[in-house]
Amino acid sequence: MAKEQLNQFKAADSQFAERVKDSFLKQDALLTIGATIQKVEPGSVEISFDYDQRLTQQHGFIHAGILSTVLDSACGYAAYSLMPADAGVLTIEFKTNLLSPAKGERFVAVGEVKKPGRTITVAEGQMFAWEGAQEKLIATMTGTLMTVTGRSEVAG
Amino acid sequence: MAKEQLNQFKAADSQFAERVKDSFLKQDALLTIGATIQKVEPGSVEISFDYDQRLTQQHGFIHAGILSTVLDSACGYAAYSLMPADAGVLTIEFKTNLLSPAKGERFVAVGEVKKPGRTITVAEGQMFAWEGAQEKLIATMTGTLMTVTGRSEVAG
Amino acid sequence: MAKEQLNQFKAADSQFAERVKDSFLKQDALLTIGATIQKVEPGSVEISFDYDQRLTQQHGFIHAGILSTVLDSACGYAAYSLMPADAGVLTIEFKTNLLSPAKGERFVAVGEVKKPGRTITVAEGQMFAWEGAQEKLIATMTGTLMTVTGRSEVAG
Amino acid sequence: MAKEQLNQFKAADSQFAERVKDSFLKQDALLTIGATIQKVEPGSVEISFDYDQRLTQQHGFIHAGILSTVLDSACGYAAYSLMPADAGVLTIEFKTNLLSPAKGERFVAVGEVKKPGRTITVAEGQMFAWEGAQEKLIATMTGTLMTVTGRSEVAG
């Protein structure tokens, strides 16, 4: 049995990548973190950032909330990439599991849509830590996103 | 029926407040956010920060991950306040629900232990937005924390 | 500071209690568990059931999934009690924390709306175990519910 | 970049499959549901059950809590399969996302360890509905499990 349906989504809006990147640049929190968007595909987004002591908790690891910030944006934009051109995206909730201490030189979050929907989209995120050529899965997220239309304060 | 047992916890370590505040000052991520610790009681911690555009998502609200960063620290220190003097605290997982857009001048996170345990502690957090004299509940967290002993990299 | 806004909700539909009870009787899973509805107020529902070995996991405690079944119904009906007469309720997601082994003679789930909304409602549940006159909080839930209208297969 | 590390786990106890199946037969809740265990591999367990009206919610779909019962057991036993012979497994918490209404003739839950640990194991579950030859992913779970040793009431 196939354990997972293949996630081959088709974007409703051909300008989805520009739309995601434009919105990303408005997320000042991600600029503060130093995050950059690496990849935008229909239903899948990758965001990375470098280790920075300004982002740490008391043991010198990246703070779980900072990991969640980047994972939430990766999941949110993965969902957003499949939405119509005039929609906005809002996070309803997410859950983060911390699998290993967030040590490393560079961190890469991959957000992927698990189930798109007209109103509700579920996405999953994985955060990898890189130390040299070594990659390690350090955190996962499941997020629930909402498509919002007709609310001017939530455009994009 | 009482809907909730009264949470009247007793700290195992009389120096719990100093211990929490010392650890807090080592969380560079909280300094980056501009957060300060307002209150430390056995099983309960309050952390606040002011609105800052550097912390926003694309609609100008505080990013859900930044709210989670502060909520996670409030929940983590609420748990830590009840732990023995030689223990460290690690977050296993948390879930954040976003109830309303994070608009406001000032944000206050209250973390409270729901169930302390030798190894596992469950804490709940609430984030309030203040606009003038108006307070609004905008996000909640449930977090699972672990007491860690004998691991030098996770002291405090 | 008030830690929590007082939850004094007003039902949109004056027949809310009948509506909840009618729907409850259609939940065959709850009949299989032997659950009965104890209280229906605007935004708050109580459901109880007795210990039964048919509901246990391998250590003789009530299975976490059975606790979740009753908690989900309590949260769902708490949300449903505030919805318009022609709406249906669907669970989007929930999270259950198991605080103590589910031992006892009788179990009472209290579901309460934390934040009602036109489309999305967040509710919280608590499960108490009773042994004689002793009450103990053994599990909590946070659930996200959706108001559904105009879908005939999801009426009530 | 590999999106996911390959999950090739090795069981610590060569009798892991017998241990899981023995424990499964003590879960009366699963017998009540009519669930049977289909597959036990190191870090991966499959449990299935047939549609039964006794397990439904008000719209005739399988109750989300019943799905969670089977998913929790699949995740729990996936974790348990990697634990030492003298350990017991306890669920700390889980989160369930409902992706589509639980309609179908047969339901198959696949639980897989995402990150094993000495004390804490994180597992993920997927629930598929089968209608004829059609398979559909209808729910996901992320669960946190604890290895318990030296507590006689939690053996197996």
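Note that the chains are named A, B, C and D in the order they appear, and that numbering of residues resets to 1 at the start of each chain.
Simple rule for what comes next: a residue touches a chain if its C-beta (ideal position, glycine included) is under 8 Å from a C-beta of that chain, and two chains touch if they have at least 3 such contacts.
Everything numeric here is computed off the predicted structure, so don't read it as measured data.
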{"item": "Chain pair, A-D or B-D, that carries the greater number of C-beta contacts", "value": "A-D"}
{"item": "Most distant chain from subunit D, judged by the mean position of its C-alpha atoms", "value": "B"}
{"item": "Chain centre separation (subunit A, subunit D; CA means) in Å", "value": "27"}
{"item": "For subunit C paired with subunit D, centre-to-centre distance based on mean C-alpha positions, whole Å", "value": "23"}
{"item": "Gap in Å, rounded to a whole number, between the CA centres of subunit D and subunit B", "value": "32"}
{"item": "Subunit A residues counted as touching two or more neighbouring chains", "value": "92-93, 95, 97, 122, 144"}
{"item": "Partner subunit B, residues of subunit D touching it in the complex", "value": "92-93, 95, 119-120, 122, 144, 146"}
{"item": "Contact footprint of subunit C on subunit D as seen in their complex", "value": "23-24, 26-32, 53-59, 62-66, 68-73, 88, 90-98, 101, 153-156"}
{"item": "Subunit A residues touching subunit D - in the complex, by the definition given at the top", "value": "1-5, 95, 97, 99-100, 108, 110, 112, 114-115, 122, 124, 126, 128, 135, 137, 140, 142, 144"}
